[in-house]
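Okay, got some structures for you below.
Across the two complexes that follow, chain A remains constant while its partner is chain B and subsequently chain C.
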Partner chain A sequence: MVDVTERAKQLRDVAYYPGCALEGSGNGYDVSTRAIAYALGLNLRDVKDWNCCGAMEVKNIDPKVQTYLSSRVLSQAVNKTKNNIVMAPCNGCYHNLKKAEYDLAHDENSREIIDKLSTKAGHQTYEAGQAETIHALDWIKETIGEEGLRERTKGKLAGLKIANYYGCMYVRPRHIFPEKDQGPGSESTSKPHFMDDLLSAAGAENVEFPLKTACCGGAHTLSDSDMSTKLVLNILQAAEASGAEVIATECPTCHSGLEMHQIRAEKRYGKKTNVRILYFTQLLGLALGIGPRKLGIHTNISDSIDFLREKGLT
Partner chain B sequence: MPIHEKSLIRPENITSHDELVIEGVDVSGHWSTFIETRVISDYNEEMEQEIAALPGGEHIHRCWQCGSCTNSCTVHAIEPRFNPRYWIYLIRTGMESELLRDKDIIWQCVSCNKCTYACPRDVVPEGVMKATAHWLEMKGHVPESPSMTFDKIFTEQIVEHGRIEDTKVLMQFMKRTNQPLMQDWLKQIVMNIGMRLPVKWGLRSAWNFVFHPRVSGWKKAGAALEDYINEVEQHHKSALGDNKSKVATDNAGQRQLRAAE
Partner chain C sequence: MKSIAEIEERIDEIHENPAADAATELLHLGEEVLEHWICARGETPTEAKKEGFRLLALHRQGAKGDPSFNACRETCRELVYHYNLVTSQSDHPEIEKRVQLAALVAKHLVLFIGGKLQIAGLGEFCCSAKPLRENEIVNP
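Let's turn to the complex of A and B:
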């Protein structure tokens, strides 16, 4: 069995893969992740010269191209950044790196094609097992944990009602996440709870939210906007019906989808919802006493500054 | 009702009579509605193999029609005509004309993978939906879907720079699908957020827009990917029979032109 404290020590210094969305529309997630890493004394080393993981789009052109793109990121982490734990806060990136890992471990054809492409591109081929991909949730949970957060935050989020929204890519398809569904202590793919655990340790009240892993229609946020708006509206209304004041997110695509279609739903269907949308890292940052501007909260589309002031969190 | 009889109950297949006497028995009233006899002879026997040859469609033969995919489907809840189980049935039996009735909505799969999670036979219905949408386009049954346009813009940016820039993706997509860039909701977003954003944020976005974020030393990787994508396209084209796949030929042609420039 792996020594837990040894592993926690290892996770305090990880290769950080922000991904394209965190450089653009999801910048608040990047800023707040770095801010809490600093506050918690965790070291993030950016993956050197990282590229896009392929997102949800490239696999529709050809899945092997996506596997290659993700394998190059892992190769850069292992060979150039010299760190074999890759932390990806974006659900899309996290999912794709996990998927590449699975494909390279189980499919000879993928291995051949990825080797051929890597050689042509002039870098070392990534081999399954060289690195481990973790999500920002795993990272905080395993390094600081609920106990650590409880001590550091002193229940600062008390009185805040939160619906935790995990989205699709964090849990589906199940087979690419072999470490999940392994009994007590591990993450569940049908009822994920890591975000609930962390935020409740910081004092927040988690509402009973049935749509934790519902789809926001992020893949078609522009190409089939009406569908996305309907799916998002459903999530927003369910969160409000559950009594939530805030939806905590862990994916830049979900986050900007919820924000964008909250406005679109009002414009197109006259359905106004008031629930605020914040990254879980922004909420943890507030709990740790970091100012909202340092967490990029003012760059969110969903305006929650006044609300947070009312709650005494700024 | 067995799923293959679903299509029989359409209004055009039903005949009603106000007064009807059959072999001397008056069956007016409840017993006056009949389904027309149907004979199907135009099976497309290649359809399943062709879709199975496209990425995502590989495991279609495993399906035993339990319906877990449709039951768990995100899109089905909003658009009841979106029915993966039924389409897999039609593809496997070769009922092309029935499948073509739904050709304009198959691309709407949002890839949430709830079906993949629920499927007891590992059919990966999400992949089958993508393969079917791809097949419809390659065969020329439907024009390129907005989703495919989006995927192409995305992939082109990655092949060229290694990374994407979201403002550029948005602008190119609106342009290629002939939509005005300033949608009412987008204006609202810009207005809501514009007042709050620090100057630094604006400068950074403008910088990224002008100087596309790129990966140093990407050139070789980009070239390798472009070659590979072309190779795969040729392969798909031959799997579908050369002269039928008009769209694929056009794309390859455009790439060659671009390469020649």
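Let's turn to the complex of A and C:
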């Protein structure tokens, strides 16, 4: 039986793995994650000398190299950063670290290859079970929780109608997320709700959004832009039809895809949508009274400043 | 069987003119999309039902041996949910809005599967195009 208080205490100091996207197009996610960590008294220790997780590109060339790259991040967290809980806000990074953990725990061949590559690269081999990877949603949910957010935010997001969009990599494939689908209190892979829970605790009204785990077409954004634009337009239209004013995101690939294809959909298909796109960390930051600049909202492509002002959030 | 483009067009028409009785048609259009996927795999689409819906049985058939296809599992379930919502309360004051949402869910299914049909070589868990790129390397 895990002591909930002890667990929450442990999660207050985590190794932070921002990943490549959060240093580039998803910078607003990085800035807002750090800002709310500071406001909530949570400590983020950047993983020392981290590398790319392998994302989708490397996986398709050689899945074992992807497993190695992710295992090196975990090794750096455990052996150099001296922290065995790795918090990864990016869905792609989170997914890949979890997948590497699964591969190393279940596949002897992966273990052998990763050991050889790690020895060649001159760092300690990561062994399954040495670290735990969590998402930013788990991190806030388990350290602060809904009650903690309720106390700190005083319902500041009241009147804001939000469609929570999780994307695909946060929940799929199920077998790499053994902690999910464990009954009350755990996250669901078919109907994820952690983001709904946190934003609702901050006062927001979550709408019934049918496409919360649907594909955003992120993998095709360069190879088949029209397909990605159509998929995104459909998500934007469904959010608006559900009554949402804002789509809350927790993945930098989904987020930038929604923003860019919102503009492209208008130019290419003459379909304008007005729903705003914000990272859930930016929304929680606003609820905590942090200014929009400190949350990187001005760096979003989706311009929401006037809207947030009208809502009394800036 | 309608083509993928015809199905997409018909869903758009329903979205533009949402009538309560369109829910059944949307469900059948969803089934037709899945039939395309299953036929492209060289199989015969099942006539069986899962939880009372052929759409769900077709999805299960389409996902067999192809985990990436589970990416549209929830979309299928949402379509069934919206079908139930519309047909069980056909006199609901927001019926048009509900049909429109059902149409958007069906549209996502046709776009997702239509895209996968174009790029049949799939990555392990998402619709990335490894075999296409490999082919480009072999035949630049």
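Quick note on the criterion: the second predicted complex is superposed on the first by the 314 of 314 C-alpha atoms of A that agree within 3 Å, B and C clash if a C-alpha of one lies under 4 Å from a C-alpha of the other, contacts with A are read in each partner's own complex, and residues count from 1 in each chain.
Please note the rule applied: a residue touches a chain if its C-beta (ideal position, glycine included) is under 8 Å from a C-beta of that chain, and two chains touch if they have at least 3 such contacts.
Fair warning: this is a prediction, and the values are worked out from it, not measured in the lab.
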- request: Consider chain A as the common anchor and indicate whether chain B and chain C clash or fit when overlaid.
  value: clash
Query: A:88 contacts which: chain B (first), chain C (second), both, neither?
result: neither
- request: Answer with first, second, both or neither: which of chain B and chain C does A:72 touch in the superposed model?
  value: first
- prompt: So, does A:242 touch the first partner chain B, the second partner chain C, both, or neither?
  reply: second
Field: Most chain A residues touched (candidates chain B, chain C)
entry: B
Query: Of the partners chain B and chain C, which touch A:211 in the superposed model: first, second, both, neither?
result: second
- prompt: Looking at the overlay, does A:60 come into contact with chain B only (first), chain C only (second), both, or neither?
  reply: both
Field: Contacts of A:120 with chain B and chain C, given as first, second, both or neither
entry: first
Query: Between 19-27, 73-81 or 235-243, which run of chain B pushes into chain C after the superposition?
result: 73-81
Statement: Where chain B and chain C land on the same part of chain A: residues 56, 59-61, 63, 168, 172-173, 214-215, 217, 219-220, 223-224, 227, 230-231
Statement: The chain A residues in contact with chain B across the complex are 20-21, 23-25, 27, 49-52, 54-65, 68-69, 72, 113, 117, 120-123, 168, 171-174, 189, 214-215, 217-220, 222-224, 227-228, 230-231, 259-260, 263-264, 267-268, 298-299, 301, 303, 305
Message: Which residues of chain A touch chain C once you look at their complex with the stated criterion?
response: 56, 59-61, 63, 168-169, 172-173, 190-191, 210-211, 213-215, 217, 219-220, 223-224, 227, 230-231, 234-235, 237-238, 241-242
Message: For the complex, give me every residue of chain C touching chain A.
response: 67, 70-75, 77-78, 81-82, 97, 100-101, 104-105, 107-108, 111-112, 114-115, 118-119, 123-130, 133
Statement: Touching chain A in the complex, chain B uses residues 55-56, 74-75, 78-79, 108, 110-114, 116-117, 124, 130, 134, 145-152, 154-155, 158, 162-167, 170, 173-174, 177, 184-185, 188-189, 192-193, 196-198, 201, 205, 208, 213, 215-218, 220-221, 223-225, 227-229, 232
